[in-house]
Structure formats: structure tokens, C-alpha cells
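These notes open a run of structures that come right after.
Both of the next two complexes hold chain A, though its partner changes from chain B to chain C.
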Partner chain A sequence: MLQRCEACGAFAYPAREACPACLSAGLTFVDAPRRGALLAETTARVPSDVYFRERAPWRIGLVRMDCGPTMVAHLHADCIEGAPVLMSFQLDKSGQAVAFARPERETPNMADDRQWREMTADPKFRRVLVTNGRSLIGQEAVAALKAAGAKTVFVGVSEPWRPFAGEQLLRGQAGIEVVTLDAADEKSATDLAADIGGKVDILVNTTEYVRPGGLLDRRGTGIARDEIDQAYLGFINLAQAFGPSMRTRGADGINSSAAWVNILSVHALANWPAFGAYSASQAACLSLSHCLRAELRPGGVKVMNLFTGPVDTEWFQTVPPPKVAPRAVAQAIVSGLRGGLEEIYVGDVAEEIRQRLAANPKALERELDR
Partner chain B sequence: MQGKNLLELAGAISSGAVRVVDLTFTLSPDFPVIVLPPEFGQAAPVRIQEISRYDGRGPAWYWNNVTFGEHTGTHFDAPIHWFTGKDLPNNSVDTMPAKDMIAPACVIDCSAGAAQDPDFVLTVPLVEAWEAKHGRIPERHWVLLRTDWSKKGWRDYANLRDDGAHTPGPNPAVMKWLVEERGIIGFGTETIGTDAGQAGHFEPPYPAHHFLHGAGRYGLQCLCNLDQLPATGAVIVASPLKIQNGSGSPLRVIALVSAN
Partner chain C sequence: MKHSLRTPYDGIVMAAPVTIPYARYSIESAQWWIGRALSALVAKAGIKASHIDGLCVSSFTMGNDSGIGLTQHFGLCVRWLDTIPLGGASAVAALRKAARAVQARDADIVACVAGDTNHVDSFRLTLENFSRFNQDAVYPYGAGGANASFALIARNYMRTYGFTREDVGRIAVAQRANALRNPHALMKTPLTIEQYLAARPISDPIHLFDCVMPCAGAEAFLVMRDETAASLGLPAARLLSTIERHNAFADDPMQVRGGWAMDVGELYAMAGVKPDDLDVVQTYDDYPVITMMQFEDLGFCNKGEGAAFVRQHDLTIDGDFPHNSSGGQLSAGQAGAAGAYLGLVEGLRQVLGEAGPTQVKDAKLALASGFGMINYDRGLASGAAIFAGPAR
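Then we have the complex of A and B:
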């Protein structure tokens, strides 16, 4: 995204008050064409910044964008002076958006570039904990992460005495380790962290506890308590058990800890009364995720929130389409990690709510009340 | 009874002449609980959360907050637990007579049958065969069904399949007979529930619950160490927590057994 002049169409960078070409004040951020050419490159061998000093040598360069501006960018190792590049903004380890230039065309093992991996949380080579393997999303996430080159996928199963559909897809598979985890139980989370806390590079929180109903159609607080127990307290247990060691391992070589993923209902953003109490539990988790993001940032560990509308699972049986396939959620997890994103919206419902909320929150509230 | 006899009992316990057998599983989050179809309300699992452990939260002391459903771990069922016992007087754990908390037990060893068939059911002829050997079951005695189920790993212990649990228990006829013809005070099992895993398909469903609680009798489940009890002569001490209007509670169950 760059500023573009509404009057003359010129792109501006860095951000300005007025258009450098025509002095118009009407500058809005829009998606800019990503292509450019690498004008010049340099390698910082002894940077003064402590972060880059540890990672030297570090390549940066000047890119002239096809749309006009010239930008300083971090460089993929395969970028050659004079050759075309594709630009993107990436979140660096401090959570800051920085310009990054990659070769225009795919090169061999392009995603393995050292500087690129600093900007992303690619599951390739990394060890991932999927916290709940009982759910369809959990099982699809395990498969997708494995296919994306994760070295080991640990998958949590609560109440191991209780069989579940899809169990055979997890047990006895190469690269998949089934571990006992009931995230809602403090001791269970702590015990597992004692075993594998030092080797979880990516944690994918697939806790799923969906129940219909708001306030008046339910009796008592039993279900609400379960919702809070599973989603909110489960989140806290996982964060307290795994967060501290993940934060200390943000720079631990190739498979350093990289990211924490939450799967949240998009109704965390705007209450859906048909699943009203569930929406509220998700809103609590969303708020908590922002706290976690701030607390993991000093270690360079990203927090990615994936927002989804109703998923095609049993507890959304009565909800008409469109619904999100669990596999689509799993694929979005992988692509979000590869891109080093903080937020990702999966499916039409999630995307629509995001847009409607930005446009008119009160209208959205009325619309969801049907 | 003379006060002297009670002191003799205390002395016998202390000397080991009367053995105290613990029939209780450790109350922990790992122990299986009953699983109902997901649209029904579920028993809250056992949770143990530290309040402090000689640390900043309480420098000299260790203690926990504990939460659990009434029917978790080794637990007691009061008559109010089932619809058949809902209108009886003194049908909850806080109002039941304290004297019912101590009673002798008959232990029926069905471990061989249960080893052959997880859906093993106790029947009247089986109890009659037991009586032929050990004598008629006296009134106000517990009947404890020994299956050695408590020795299994948790997965085999719960033994859940697509169509529900497969664990041994009594059939409807024997429950009605034990309650009406033998006047037992209660029925105890090693499995999760006094009824068989598939007892929902019996007529009436869940006959142990149906007949026991309908007649104001009690249930004990998730017992262990029944193999250490004699067929007759053990005395069971089972006093549930005094929960207001409680339908049951986890508890410590012990048996007094004469050593000779």
C-alpha cells in the first residue's frame, strides 16, 4: 500500500501531506503495483544496530517502483542488480512494516532465503504444536503443516482414553507426535510444556468449543462456563505454559520459535446473537491475543489471528451456507505463516463482516440480529 | 454395643487384625468421566488449580482450588440422582441417614466373565449360584460387582466405541430382584457407573439407577481393590460430602476386613 494522489494519480513515498507532483492534499493509501527494478544493492557487514549486527552480513538495496517512488528495501538473496523485483511490506521481528524485494520470478528454494525467513513464520523446517487434534480443523491443520514441510507436528489430544473420529490419521504417522493436552486444564498444559516447551516453534491454538444460544434461551451459566473454560482460560493456560519459552527462543537458529496462531470466530468482532455467548467468548480471546502479541514481541514471535465465519462442522449444522471448509482454514494457516501475517480472514462471511464493520458498525449489529 | 467393643475395633485396626482397604481411585483430571451425547449437559471434569505453593502467592503454605462434577472419580449416587427417587424423603447426600454410610458387603466375583466379554451382565442365576456357595445375601448389605475392570488402562477402562461404552454391569431382572427380594442397601461397581456401558438399551434403561434409587438405595462406582475383599464379611464405610441437595459426590470409600 502506498499513497496515491486523487488528483493526478501519482504515487508518493515516503508518506506526505501533499502530492509532490501537483501539491493536491488528496492522498489516499491504495494497493500499489508491486513491480520494480533493483537500482543498487549493498551489504551491511558490521551494522551498528544490535539486531542486524547478530545477523550480518545483511543485504539491502534501492528499488525503483514501476509506479514511481524509489524505496529502500530488504533484499532476497536472489535479487540481482538491474533485474525486476516484486515488492511487499512485511512485518519484521519488531512488528514494524518494512519493504522487502523478491525476484520477480520464482527461484529454487525461494522461501528458504535467510532474510525472508526473518520476516515470515514459514512452517518449513519448524516444529509445530497443534493444540487440539480432536477437531476437524485440528486434523486438517496437522496435514497442511506437515505438507508445508514442518519437521514435527505435535498434536494435542485431551482425554486420551476417549477415541475420536480421524484418530488413525494422527497416530503412528511419521513426523506427527500425539501428545496429551487438555488446554483448559492448567496442569495438563504445564506438564506438556515441561516436555516439549523448548521445541515448539509455532503454536496453533485450535481450541474449538461452539455452542448455540445467547442469554435468554439458555438455563444457567453451565455452557457459558465451559465456553470460557475451553476458549479463554485454555488460551491463558497455553500462553503461560508455552509463551515464556517461545519468547526466549525467537532467535534460535533455523527452527527458532516464530509464531502463535489463534483461530477465532469473526463474530469476536461483532456479536452474532444466534451464537451470542460463543461470540462473547471469542471476543475475550481476541482481546487477549492483542495482549499476547505485545508480550511476545520482545522475542520477535508473531501472533497471527485467523478469523473465520461458521465452519462446516457439526455444531454449525443448522446454519445455512456459506460455510468454511476446515481444510480452507488449515490452508489459510499455512499461507498466513508463510506471509508472516498478523491477521487473516477466511471465507466470505468473515470478509464481509470485516468490511461491514469498517463501513458501518451499527448497521452490522442490526443485520446480525436476524 | 458396649463402648469396650468399639475400643476393641479401634485396637484391631491399629494392630492390623482388621485391615483397612482403600477402594478409592485418586481424584485427578486424568481419570475418565462419564461421557453423555454432546447435546446433554456434561459433568465438569476434575480441575486442580494452585492457590499458592510456598511462593509469592502464599509464602508458607500450599493449597488448591478444586472443582469437579458430583459424579466424578470414585463416587456415590444418592436416590435423588434418578427420576425414580426424586420424590423420596431424605434422598440427597446431605439428608440421607448417616447410619447408611456404614454397611457390610457381599462381593460377587465376575472377573472371569468380564474378561471374556466387556458387555458381561450380572443375572439372577449368577447371584443364586453365588448364594449357593456363600449363603443368602442379607438385607441392608452392599452388593459389590467385582470385574477387575479397575486394573485396566484408562482407554480400555472407559472402552468407548462408536456406539457408546462397553463395560459390564447388572441386567434389569437382577437389579429388581436384589432390591425387592434381597433388600440390599446399594450396589457398587468398578466401572464408570453402576449400570453396564450399554444399559441405555435395556428395559428399563439404566436398571441399576432405576431400581436402586427408586427404592431409596445407593450406588457406588469407580471402585478399586475389590479383589482384596472377601466374598462376605467386609464392612464398607462410604460417607459422601454433605453437599446441599447433592445428587452424589466423590468420596473416600474404605473397607474394614478381618485379617484372619
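Then we have the complex of A and C:
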């Protein structure tokens, strides 16, 4: 995204309030062509900032974008002066969007670049906790993270003596460790954190508690209480158990903690009355995730929210398609971590709600009431 | 584009060059340093503070104060006031404004002063908060500061014209030799080209001796009409010409020339002199590669011939091209905005014959240039002035 002048079409960077070509105030952020050429590079060996001092030498360069502006950028190690590069904005450890230049063509082990990994939360080589192995999403997430090169995937299972479908996919597999975890139980979360808290680089919160119904079709607060217990208080238990050690381990050498992932219903953003109370529990989790993001930021740990439409599981049986395959959610977790994103939308429903919410939130509210 | 004929600086002079000796670190405030410079100005000119009726101030570290606050702070009552935040171009800009003010009789005696302190963390804070573009689009990229920004410019410039580190190093080495004659220079040991080349890298191709030493200090001079100087019995230098330019050559993808190249013809035409006529030259040397650029852009050689020029000339005080006779910022120190004044004040001492141990023999005609404000990817401001001592 770069600013482009609505009046004359010129691109501008750094962000400003008037077009340097025609002085128009109509500058809007648009997806800009990503190609440029590396004009010059340098390696900062004695940075003045403590963060970069720890990570020096640090390579940066000046890139002339094909669309016009010149950008200071972090450089992938395979970028060569004079050669074309592809630019993207990445979120750095402080949550700021920064320009990152990569070679135009794929190079071997491209994602392993030291500076690139600093901007992302690639599961490769990292240790991950998936909090709920009983769910389809949890099981698919374990498989996808393992396939993405995670060193160890811990997978939480409540009451592990109770058998469950898909158990054989988790037990006895190299690099997968089943651990006891019931997120809704404060003691269970604390006990597990005491065991493995210092080894969790990425936490994927797959807690899932879906029940239909809104307000008037239910009697009392029993189900709502369960929804809050499982999703919202479960989130708090996990955050209090694992958050503090993750925050202190954000710069812990190559095995540093990197990210916290929440799987949320896209109806956290706009209430879906058919699953109205569930939507509200998801909204509560979304709000809490922003708090967690702010609190983890000083440690350089990212919080990624993955928004999904109804997933193809038994609790959404009555919902007509399109529904999201649990595998698609799992793949999105991996790609979001690889990109170091804060938000990712999975499936057509989630994408539609994202767009309609931006375009006309009142219309969306009416449409969901059908 | 042809410029209209500018009003000449007839009868406009500069006097009373003062330098408050630099300190690597100071627990004093910028206001303290500026106060010392004003006090020294008054003492040197033999006037009372109440005779100063114009004030022009530059500083990076005086907090929320601007010139207006300083008038009360120092008990000055002026009828002309300016605060110039143009970094390394501040001195030339101050001189230009002050000259026109006294010419138009808006003021009679303008004190131009720059001073900065250097607390232990001042420099880093200045870097972090330098400009909005810098905060948004430079600082988060490795926090290499000006070193990294100039490294990119230097790398491209050296590659484009085939300069080596050794070529650029000649400038730094010659300035160190000059600094050894300046008792106030912070750098007190000789520097050889071998040591220059062997220095540790800071941000390739910038190495340690390409970098200035941030410090505290202050510089100042007075601007007035010649009859004022005569009535005070003050030795004074005549201002012959100036140029100033901002955001020149914005379409150059990377900076290989400064605004001087746009205005250099007018600089010499207005002064009625040629580059060869100059007895001493003071360039803005935040990095020696920028000095190399000035040798080209100020007409001492053609673009791309800077390396040959420094190979062919001796840049020391007794050499055939005396340059940055105080040791410059590279060896005397960079006292924030006073770094902009260093060359102008030293050049003034030279043409007044007051430079003492760094005096260039028979210096009558001097040029001082400024360069400032790497807002984003390049230095935006450039300026230069030519002035002549009473002997010319």
C-alpha cells in the first residue's frame, strides 16, 4: 500500500498530506506495484537503538520503485545492488509496518533469512502449542504446523483418558507431544505452563465452543455462561498462564517466542443472531485480543487473529454452505504466521463480512438478521 | 532559468568571529552555550548587549525555546529576530537574512549564533526525533542514523564515479593535520591514511574516521553595515555573495549533487571572483564524501573529478588548496547546529588574519558552504557565501 494522488496519479512515499507532484490533498492508500530496483545498500554495524544493537549488523537499502517513489527498506540477504526487488510492508517487532525488499525471484531457503524471520513468525524451527487437539481445526493445525517445519508441536487435550476421533493422528508421532490442557480450567492451564511455558514459541488458541441461539430462544444464562467460560475465560487462563513467559522470551536467541494466534468467528465483528450469544462471546475474545496484543508488544510477540466463517463441523450442521474446511483454517494459520500478519480472513463468508463491514456496517447488520 | 540580478551586498560586513571551545559532553544546557557565545561576542566587539538589535539563533537542543524566549533569557531587546532550523545550512541562511536586515536598516547589529549541548543521550534523541519522514521511514530501518543514510549516498556516489575510500580518506587525513594546529579541536592525535583505511566499519562504506564526533559548543559572529563596524573600530570582512537552495534535483534517484550545482554560477558572478581566486575554502564536512561533492558542485573541478582533485592538491593549511583549516567537524567536532557555523566563523577569522595557529598565509578571500537536513534520503539544504577581508 502506497499513497497515490487522485488528481494526477503520482505515487508518494513517505506518507504525506499533499501530493509532491501537484499539491492535491487527495492522497489515498492503494495497492501499489511492488517491483523496484535496489539502488544502494549499507550494513548498519553500530546502530543507536538498543533493539538493532542486539541484532547488528543490519542490512538496509534504498529502493527505487517502478511506480516512482524511493524507499528505505530492510533487505533480504539475497538482494543484489542494481537488481530488481519485490517490496512488501511487514510488521516489525514493535507492530510498525516497515518496507521489506526481497529478490524478485525465489531463492533457496528464502524464508530462512535472518532479517525476514525477525519480521515474521514462521513456524519453521519453532515450538508450537495448539491448545485443543480434540477439535478438527486443532488436529488440522497440528498437521499443518508440523508440515511447515515446526520443531515440536504440543497439543492440548482435556481429560486425555477419554478417547476422541482423530486421536491416532496425534499420539506416537515424531515431534508431536500430547499434553493435558483444559483451557477453561485455570489450574490446568497453570500446570501446563509450569511444565512447558518456557518452550512455547507460538501459541495457537483453538478453543472452540459453538452453540446456536441468541437471547429469546434460550432460557436463563446457563449456555451463555458455558460459552463465556470456555472461550473468554479460557482465553484469560491461557493468557495469564503463557503470556508472561512468552513476553519475556521475545528476544531469546533463535528460539524466541514469536506469536499468539486466536481462531475467532468472523461474527465477532458483526453479530449473527442465529448464533447470537456465541457471536458475543467471540466479540469479547476479539476485544481481549487487542489488550493481549498491546501487552505482548513490548516483548516483540505478535498477536494474530484469524477470522473464519462457519466451519464444516457438527455444530454448524444446519448452516448451508459455503463453509470453511478445517484444513483451510490450518493452512491460513501457517500462511499468516509466515507473513507475520495481525489479521487474516479465511473463506468467502469471512471475506464478504470484512468487505461489507467496511462498506456499510448498518446494511450488514440488517442482512445478518435473516 | 536565468535569475534576476540580485541586489549586491554593498557595504555589508561580518565581524567578531567567536568560538566557545567544544566539549565532548556537557552537563550544561544549549542556552548556556548560546549565552557564552553572546557574552564572547559582546566582549570581542567591545559593545554592550543593548547594542545588539537583531538576533538569529540555531540549535537542536534548546527544547521548546525559540529565539523569542532567548531574548528574555539573555536580557536582549531586539527589533529583528529569527530562529533558523536548517541544520548544516543554518549559518549561511542566517548570514543571508541578517545581511538583508542590516542592509534595509531593519537592524544595525545582528548577532548570529548557534550552540548546542551534548548530554550523554542527546545525540540519540536528536536522531530518533529528527524529522517526520525520518521517524516514519528511516529510523525503524536499523537505526543507523545519519551514518546509514549517508552510507547509501556515499556508496552510490563512489560507485558511480569510481572513487575509492582512499580518495575520500585524503580529505579526512588532511583535516586531521589541520586540527593538530587548532588547540580547541577535540581530535588531538595524528591520522594516517593507513589508519583511516583500517578503521572499523560503521555502516559500509562509512568507517569510523568518516564520522564526526558529536559534541557541545557554540559559534557566533556579527553582521552589520561597514559604517557601523568603522564607528566601533571593528575589523570586518565584506560579504560578496551568497547562495541558498532547498530540495534541489528532486528527480535524481539518489543524491550525487547538492543544490550548489544549481546556483554556483551566480555565486561567483555576484562576487566577481573565480574559484581560483579563493585563498581558503571551508566546506560542510559531515562526511568527507560530502566535501568531495562540494569540490565538484562549487566549481573547483567537474562532476566525477573530485577524486582526481584531492589527489592533485594538498588540502592542509600550508598546502596549495587550504581547506577546513580548523580541522572541520571531522576533527574539531560537530557541535550540533554550531557545526554549520564552524566553517563560516573560521573563514572569517582567516580573512581577518585572526586565525592564529591555523592561519593561512595572506588569506584574503574565503568561501564557506553549508549542507543540511537529511530529512529522508538526501540532504535538502545547501548554501555558500564568499567574503573578503580588509586586505583585499
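What we mean here is this: the second predicted complex is superposed on the first by the 370 of 370 C-alpha atoms of A that agree within 3 Å, B and C clash if a C-alpha of one lies under 4 Å from a C-alpha of the other, contacts with A are read in each partner's own complex, and residues count from 1 in each chain.
Just so it is clear, contacts are C-beta pairs under 8 Å (C-beta built on N, C-alpha and C of every residue); 3 or more make two chains touch, one makes a residue touch a chain.
Every value quoted in this text rests on a predicted model; they were computed, and no experiment measured them.
Undergrad: Under the superposition described at the top, does placing chain B and chain C together on chain A give a clash or a fit?
TA: Fit.
Undergrad: Where does A:Cys291 make contact in the superposed view: on chain B (first), on chain C (second), on both, or on neither?
TA: Neither partner.
Undergrad: Just checking: does A:Pro163 make contact with chain B only, chain C only, both, or neither of them? Give me first, second, both or neither.
TA: The answer is first: A:Pro163 touches chain B but not chain C.
Undergrad: Mind working out whether A:Ala18 is in touch with chain B, chain C, both or neither, as first, second, both or neither?
TA: Neither: A:Ala18 stays clear of chain B and chain C.
Undergrad: Could you say whether A:Gly222 touches chain B, chain C, both of them, or neither, answering first, second, both or neither?
TA: first
Undergrad: Just checking: does A:Glu186 make contact with chain B only, chain C only, both, or neither of them? Give me first, second, both or neither.
TA: A:Glu186 contacts chain B only, not chain C.
Undergrad: Check the residue A:Thr70 against both partner chains and state whether it touches chain B (first), chain C (second), both, or neither.
TA: A:Thr70: touches chain C, not chain B.
Undergrad: In the overlaid three-chain picture, which partner chain does A:Cys8 touch, first (chain B) or second (chain C), both, or neither?
TA: neither
Undergrad: Of the partners chain B and chain C, which touch A:Ile254 in the superposed model: first, second, both, neither?
TA: A:Ile254 contacts neither chain B nor chain C.
Undergrad: Looking at chain A, which partner touches more of its residues: chain C or chain B?
TA: Higher number of touched chain A residues: C.
Undergrad: For the combined overlay, can you note the least CA distance between chain B and chain C, rounded to whole Å?
TA: 39
Undergrad: Where on chain A do the contacts with chain B and the contacts with chain C coincide?
TA: In chain A, no position sits in both the chain B and chain C interfaces.
Undergrad: Residue numbers of chain A touching chain C in their complex, please.
TA: Going through chain A, the ones touching chain C are 13-15, 20, 39-49, 51-52, 56, 58-62, 64, 70-74, 92, 94, 96, 98-99.
Undergrad: Spell out the part of chain A that touches chain B in their complex, as residue ranges.
TA: 159-163, 182, 184-188, 222-223, 225-226
Undergrad: Of all residues in chain C, which touch chain A in the complex?
TA: Those residues of chain C that touch chain A are 123-124, 127-128, 132-133, 136-145, 147-149, 151-153, 155-156, 159, 200-206, 250, 253-254, 376-377.
Undergrad: Within the complex, which stretch of chain B touches chain A?
TA: The touching residues are 29, 32, 35, 41-42, 44-45, 47-50, 153-155, 157-158, 160-161.
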